[in-house]
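Consider the two complexes below, in which chain A is the common component and chain B and chain C are the respective partners.
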Partner chain A sequence: MSDAPADWGVLSELPGNPLMWVLILGELLVFGALFVGFAVVRLLHPEMVLAGQTSLSIPLGGANTLILVTSGYLAARAVLARSTSKVAESRWWLAGAAALGACFLVIKGVEYADKAAQGFGIETNGFWTLFYLMTGFHAAHVMMGIIVLGIVGWKNSVENLETGAAFWHMVDLIWLILFPLVYLLR
Partner chain B sequence: MKYESQKVALYYIAGALALFVAQVLFGLIIGTIVVIPNTLSELLPFNIARMIHTNALIVWLLMGFFGAAYYLIPEEAETELYSPKLAIVQFWLFLIGAAAAVIGYLFHIHEGREFLEQPLWIKLAIVVVALMFLFNISMTVLKGRKTAITNVLLLGLWGIAIFFLFSLYNPSNLILDKMFWWWVVHLWVEGVWELVMASILAFLMIKLTGVDREVVEKWLYVIIGLALFSGILGTGHHYYWIGTPGYWQWIGSVFSTLEVAPFFAMVVFTFMMVWKGGRNHPNKAALLWSLGCSVFAFFGAGVWGFLHTLAPVNYITHGTQVTAAHGHLAFYGAYVMVNLAMFTYAMPNLLKREPYNQMLNMWGFWITSSGVTFMTFALTFAGVVQSHLQRVMGMGFMEVQEQLGLFYWMRLGAGVVTFVGVVLIVWSLAVPGSVKQAGRVAAQPAE
Partner chain C sequence: MTHEDSRLWGRRLLRAWAVLVGLTVLSVGAALTGGSGQRSSLLAVAVALIASFIKARQVLDHFLDLRRAGGGWRGLFNALLLVILGLCFALYLAAGTSRP
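So, the complex of A and B:
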């Protein structure tokens, strides 16, 4: 056999566990499909989408963008610290990343409560269905990401940290596309 | 075969093959009723014969999975089965339960939920059978070696039992009834059964191609990861237009589109393993079934499923013959073929038969596959015509059915071919072959 046990083909060259990259690719496909769906809905019903977008809060969305990007930076610092064997330091960076993730969720909660108070629910119309689905799925991933950061902080190894950070950056990346697409592009 | 207790698999394979023949026979009967509606109308109404056709399929596939597990698990766990006696008792209980259900159906004793028509006491007996089985194989794995294959297989088999419990919950609200009904029907075939299928294929790849276990295990993890990732929320594609909230159309469309991925991965996996593997295993027929399985599952479950899984498309095709086309090719490709791959691999070992009817078995493969493929195309065309006439032109249901007669005749013809193939397969597995024929196969040059 020519295959060494650790050979995952192209996935071997990526940092962290190759199975995480299979998951990340799957996630990108799911969100990618939803983004395409959003574009189609916007093409078919431009007024409905515009009306929905004007009800969204750009300051809250913008604040959340800054929070997630900063959180991603802290996760990257954690990997950097761990690669020079600074375990305790890496845990502090991870805790900071997770705390910012929690801030994101709190702001998301404020935003949802505000939209609900204005009477916008998941069944209101096509725009709101997609808004709640996409941001809701994303928020669920932020929650999962916080748990993942906790697990890799506990089982602290370079590979685990790279794996956890890869997931966290994916959550980051999706928001960086979702925010302009849903909130800004009008 | 290394362990004496693997022999209990023979009961299950024999039972499964007998029910396989019955299933296809009842398929021929209902295919005939569709084109000649008064056939057996007093004796065996269409709905009863259809129940036997679908129930026999499910029962024989499950029986095959049980047999596959009893064959595979001792070999993987490197230990004798925990209790061969319990396995034999379980077999007879299962077979008698299935027979009692069928006899009950003939006397019109059944419940009303499609595929879950078994009376309550039969369902409870199935739960008992499942518990006996799970206890037996779990104890075997616990005392033996744990491999990725046994872990995934156990996860799949436990999942089958757990999701079956939802068949006992039948809310009076029709929407909730359907929602939970899919928790059995969908989460079986597009969830936990895929785990069973992937682990059996992984086992066969190790045995037939000689590729390293580590390589096979990596593929197995990727495949089952993709299957669960797409399949669980893919349940949403059954929640269109049944009274559930509209967001299921998005969830169902997106995730079930990705359900193609694990099936595509299985095709790449099996062909890569054969390509990379150095072993020239004498059981060419088992390899043919394994490769055929991944390819037919990809087309039947993956491509034919995708054809009508997007909500806007399903709006037009929902409940037409397109669904029947997908159902036939998906069940054949994924679960019939994986069972036959396992039977074809295991039977010669279990019966200690070197010279077996390998050529006949391969003829069975090609004839049955041709029959089912032709049937799938006939039903697909029927479904497209039906969708157009009924849903686009707005013609009445029965008016449209009359226009589909030709396709239904072609389906019946394909069914006859399928039946011939099935008889050849069963014959090749059950009846010893001549030494001369086995020699001829072995003498074929390696690829």
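So, the complex of A and C:
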């Protein structure tokens, strides 16, 4: 059996595991379709969307953005630490990234509870259906990302860490587009 | 990897994080200048979308290290981001929501 690295064709140019990049592209396309769908709903029902957005907290969404980008920074530092053979340090960076991911979910939970208390559910209207669908789907990725960070912290090779961190950065990337489109463009 | 390479990598990540934080604060600040229940100004919308594009590039280039890949890959991700954000902006303008 050959020890030569697998030839992934043009995907070989990409850093980390090429399959993660296939996933990143796929996720961007799926979320991209949801974002455009949300923009179409705004076009068809501008007053309904504006009324829904008025109920959203920009500071809370902004705080979650700061939490997620900081978490992404910590995950990137974990890869840097592991690349210089600092295994224990890389685990601390990863633990920090995962802890901030958990903070993101807590804030999201507070936001959902607040909206539910105000009577806004997934069936209230098209805006709330899309809001819960997009942010809920994203939050599910955050949960999965925390698990992935835990696994690559345990099986702590450079490639595993690069791949797990790439998943985490993809989750970050999607939120950086979702937040302005849903919360800020009113 | 030399100690100097590692130091430069760390500084690059820190710089990218600072850009991400700065642009987030800027876009949130611009959005909060409008009154509650009012439509955003076109300036605040432009700031939010341009900041979103730059932030996505920071994550791709520095956190995901896409800068190490060929120009074709960077072009593909640029194009994808521009199509998504551009379509959303065009539909936003068509909805007439940029007018106060």
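Here is the rule we go by: the second predicted complex is superposed on the first by the 181 of 186 C-alpha atoms of A that agree within 3 Å, B and C clash if a C-alpha of one lies under 4 Å from a C-alpha of the other, contacts with A are read in each partner's own complex, and residues count from 1 in each chain.
Keep this in mind: a residue touches a chain if its C-beta (ideal position, glycine included) is under 8 Å from a C-beta of that chain, and two chains touch if they have at least 3 such contacts.
Not measured: the values here are computed from a predicted model.
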Contacts of A:65 with chain B and chain C, given as first, second, both or neither: second
Which superposed partner A:50 touches (first chain B, second chain C, both, neither): second
Per-residue touch tally on chain A - higher for chain B or for chain C: C
Chain B versus chain C as contact partner of A:30, first or second or both or neither: first
First, second, both or neither for A:19, with chain B first and chain C second: first
Partner chain in contact with A:133 - chain B first, chain C second, else both or neither: first
Touching partner for A:150 - first (chain B), second (chain C), both, neither: neither
Set of chain A residues, in rising order, touched by both chain B and chain C: 29
Chain A - residues contacting chain B, complex: 1-3, 5, 7-8, 18-19, 22-23, 26, 29-30, 33-34, 37, 122-123, 129-130, 132-133
Of all residues in chain C, those that touch chain A in their complex: 1, 6, 9-10, 13-14, 16-17, 20-21, 24-25, 27-28, 31-32, 34, 36-40, 44-45, 48-49, 51-52, 55-56, 59-60, 62-66, 68-70, 72-73, 80-81, 83-85, 87-88, 91-92, 94-97
Of chain B, residues touching chain A in the complex: 211-212, 214-215, 218, 221-222, 225-226, 229-230, 245-247, 250-251, 253-255, 257-258, 261, 276, 278
Of all residues in chain A, those that touch chain C in their complex: 10, 13-16, 24-25, 28-29, 32, 35-36, 38-40, 42-43, 46, 49-50, 54, 58-59, 61-62, 65-66, 69-70, 72-73, 75-77, 80, 83-84, 165-166, 169-170, 172-173, 176-177, 179-181, 183-186
